[in-house]
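Per-chain residue numbering starts at 1, and chain names A, B and C are given in the order in which the chains are listed.
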Amino acid sequence: MSAYVLQQLINGLVLGSMYALVAVGFSMIYSIVRLINFAHGDVAMIGAFSTFLVFAAAGLPLWVIVPATLAVGAAVAAIIEFLVFRPQRQAPQVNGFITSLGVSILIQNVGILLLSAQPRSVRLPGLLRTNHDFFGARVTTLDILIVAATLISLLVLTLFVKRTRLGIAMRATSENVSAAQLMGIPVNRVITAAFAVGGALAGLAGLMWGGRYGQIDPLMGFVPGLKAFVAAVIGGVGSLAGAALGGYLLGMAEIMIVGMLPSEYGSYRDAFVFGLLILVLLVMPNGLLGKPAEERA
Amino acid sequence: MKRRDLLTGVAAGALALSLGIGGASAQDDEPIRIAALYNLTGGMSSIDAPALAAAELRVKQINEAGGLLGREVELISYDTRTDQGETATAAQEAVSEDVVAGIGYGDTTFVMAAAPTFQENGIPFVTSGATHPMLPTWVGDYMFMTAFGDDDQSYAIADYASEELDLDRVMVWTDESMDFTKALSKFFKERFKENGGEIAEEVSFMMGDTDFSSQISRMESLDPPVEGVFISAIPSEAGLTVRQIREAGIDIPIVSGDGFDTPLVAETPGPELANDVYFSSHTYRGDDRPEVEQFIADYEEEYDRPPENSFTPLGYDAIGLIANAIETAGSADPADIRDALEQTRDYKAVTGPISYTRENMVPPKPISIIEVQGGEFNVLEIWRPEEGLEGELQE
Amino acid sequence: MTGGTGMMDRLRHNPAALGIGLLLIGAALIAGAEAWLTPFERTVIGFAGINIILAVSLSFSNGLTGLFSLGHPAFMMLGGYTAAILTFPAMRKSTMLPGLPEFIATSELSLLPATLAGGVVAAVAALIAGFPVLRLRGHYLAVATLGLIVIVQVLINNMDSITRGAIGLAGLPRLSNLWWIYGWVAVTLFVTWQLKHASLGRALMSIRENELASASIGVRRARLKLFAFVLGAFFAGVAGALWAHLVTNLTPNSFGIVTAFMIVVMVVLGGSGSLIGAALAAIALSVISEAARPIERAIDAYGLVQIVTATLLIAVLLFRPQGLFGSGEPVTRRMTTPGKPPSKTSHEHRGGFPNETS
């Protein structure tokens, strides 16, 4: 394998890690309450703004900034859940989706009103931009951290869902809400926890996004949110591993189409990505790792 | 029955509302109204909002100095929400509200959704930031440009790249989702090849992209290596590309057009990485003409921030052009303003003198070549287009 | 019961008379609007009409069958571009769009045939795309149709010699007026209404309610779904054509994902499957968006309209989860209405997301 291909694989891995992180939080919420939460990307935006405009501006060190951002993401998501999604739990699913669109439009426009749409240059404290040589390819310290943080988050999340009482309660709730309730599981608390975990991951993604690219704006959540939706669907909605896989595939596809195809096809990138996605779905109508939808009798 | 009453109620209310928004007839003691159409929300807002802010500042200054022809100037602004349907609606609303002129937009496609309505109604429309050299030809004799044409700015930077930077072999990056960026690349490639240069490779990206690692790796893999890269981008992508290219340890010159004229080019990479960037832009940044320094000082005082990008002084100049025309004509009648605008010669705008001497009505403005070194902007030279030159353009 | 209600009852039993009456009232309103309103007011009303066509047709295909398609903007683009290329002055066409085949480059159609052609092209595209894609359900279908928007956008952006790429088609003849737009609104409402209340409508509704059961009683669901999807796309194409000749400018970015969301919002606000509800929601959103403009300007807070609209949207969903009219129609409540009265539908109609049980 040439150094060029290796370099592009690394590029895809880093971009995919960020998509995966947003997609897993997105899928986490979906698996519990069957909600396509379009405001998820905007939670990442709020995470990014609090990281850079509040915590970093206050001169806090990275080891304080990261948990603080996680907490902000978790709190914002839990508050949104309490205010608008909880009262609608019995409503048709499409309502949740539309509500989340409403929340997203609301957050973005409040953001423009308060902060202006102008992108801001931001920087993480510390020397994270150092380049390292990796078999002829180049990676920065931040790239390594991003991939590691994503993998660690996925691992922790898997253990959490499989091993802890709360995680098991979540899985029970995701199987059947009313049965879980009958079993004495505090469903409301479990759902709040799911939103909080998803929100924390989104906040972390916002931090990484801002840190890697160095620019944030109130509309920055839209594209990652959309990509997360797409990634989660390719992977199979509701499957955490599927969402991560979908995120990595999407990031890899975007990088490779630009990197490998003759340049005159580069402007067709998004058409290729979505064409590929439709093909995947036609072959596997429930996504890569999704469970088949049961026919309701 | 109840629901049917509600239904008729809604319909009647809608009708009453729409009827209620009518216009009043202009009188001499009434303010002179100018419409400002910009995308203040949605994807284009980071380009358009600063232009409106500067236009509002100019109107405020005019009124503080006693207005025009003894009348106050009123700027009626419309947020068209990065939506062309809204743009068409707002244009219709503006022309129905007795405005004498309209200004707006940093992007050609939005001008094309609004300006024809002004043309049909015999009201001049001055675009502050759109740079497509065919605009006045497409719209008609009521269409005016504040900025230079994309051909001029591309030729300026292409000449500089060939002659001063001695580049023979470059790569071209283009934002394929916008007309402005596509046109800029097209004119650059045309001129750079005429100058004997070689375009080694082209890559594309889309507005809203933040990750350019694939394009960068592609650039690194070229053999023989390129000596420079031309990046056709809008302000929100300008700093992102510079930062990522420099972070990858690539130090070849980066060249571009006025989309790079934003503090983000220096701030996003930071002073240690913002080096060897060269772009063509309006004679404004780093310029020491008194009108430039005055504008920057006034803008900072009004808004507590420096002008965001080059669309900002252009918004200021668009109002200036119209005000100048009203005073020259001694009339606030749209047709008189149009005639006066057409006769504009050597108007001292912040972004350089404006004259409509060319057949295609694109002002032949001087163009600054600006470099960024250590996060600082310096003007290197002023490029002058041929007066009255008719570009060989096709629709 | 008053005398007036008695008359209404009589009218209900004579739908032809009711229809003709409504048409006459509508025609009088349009004549009045064209005569007395300013171009701006007519533009606002025109866009409201286009939104009605979009919302009603999407409500028909999504609401009735439980499909969840976001693809309307893709069909609007296809319809809009087709119609725009056909009405474009032949003189300019040969230089500006050199890639067109000879017979299109030399012809210059009037609005009606161009609009029909736009609708047909959109419908054919829906037929080709729908055949494989409609096997997907729920969110999978939503993402696939989202992909359709992106693909059409990218293709139009890259086919410069036929579409002029990113700069778009500018200077189109301003042919759309209220007669054309509301004529198409009437056609859209008539066709979808007839289909909804015919046995076909019941078959479609049965797919939404229970796909397995409807299959077992012999409803050929694949064909019916495809039919609903193609018909919806036809009207979206028509709406795109009307839009292009109202704005007189068309670019690949004219309709996108945001447009798709706005149309879905109208459908859900009106009540999934309620045609009149979708139409009213379209009008309400158009009016709010324009009426709030002066307020936004007065307090210099741009974005306020979107904030207010989003808040209203959330409030409606919180307090009336079934939308304004459920899947029923406000005017036929006491007639033979398919489905149940709106008040009972809230928890049973999982509108838009059929059989999502995984």
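Basically, a residue touches a chain if its C-beta (ideal position, glycine included) is under 8 Å from a C-beta of that chain, and two chains touch if they have at least 3 such contacts.
Remember, predicted model here, so these are calculated numbers, not experimental data.
S.K.: Line, ring, star, complete or other: which one describes how these chains touch?
M.R.: The chain contacts form a complete graph, every chain touching every other.
S.K.: A-C or A-B: which has the larger count of contacting C-beta pairs?
M.R.: A-C
S.K.: Could you tell me the distance, in whole angstrom, between the mean C-alpha positions of chain A and chain B?
M.R.: 35
S.K.: Centroid from C-alpha atoms only, then distance chain A to chain C, rounded to Å. What do you get?
M.R.: That gives a centre separation of 32 Å.
S.K.: Can you list the chain C residues in contact with two or more other chains?
M.R.: 157-158, 302-303, 306
S.K.: Could you list the positions in chain A whose residues touch two or more of the other chains?
M.R.: If we look for residues of chain A contacting two or more partner chains, we find 109, 112, 267, 269-270.
S.K.: Pull out every residue in chain B that's touching 2 or more other chains.
M.R.: Answer for chain B, listing residues that touch two or more other chains: 40-42, 49, 176.
S.K.: Under the definition above, what is the set of chain A residues touching chain B in their complex?
M.R.: It comes out as residues 4, 7-8, 11-12, 14-15, 109, 112, 116-119, 121, 123, 129, 131, 138, 140, 209, 213-215, 217, 219-220, 222-223, 254-256, 258-259, 263-264, 266-267, 269-270.
S.K.: Which residues, counting only chain C, touch chain A once they are in their complex?
M.R.: 68, 132-133, 135-140, 142-144, 146-148, 150-151, 153-155, 157-158, 210-213, 257, 261, 264-265, 268, 272, 301-304, 306-307, 309-311, 313-314, 317-318, 321-322, 346-347, 349-353, 355-358
S.K.: Using the touch definition from the top, list the residues of chain C that touch chain B in their complex.
M.R.: 5, 37-41, 43-45, 47, 92, 95-96, 157-158, 165-168, 170-171, 243, 246-249, 251-254, 258, 280, 283-284, 287, 290-291, 293-294, 296-297, 302-303, 305-306, 330-331, 333
S.K.: Which residues of chain B touch chain C in their complex?
M.R.: Checking each residue of chain B against chain C gives 1, 3-4, 7, 10-11, 13-14, 17-19, 21-23, 40-42, 49, 76-79, 81, 83-85, 87-89, 92-93, 95-96, 108-109, 112-113, 116, 132, 138, 176-179, 182-183, 394-395.
S.K.: Please output the residues of chain A touching chain C within their complex, sorted ascending.
M.R.: 34, 36, 84, 87-88, 90-95, 97-99, 101-103, 105-106, 108-110, 112-113, 226, 229-230, 233-234, 237-238, 267-271, 273-275, 277-278, 281-282, 285-287, 290-297
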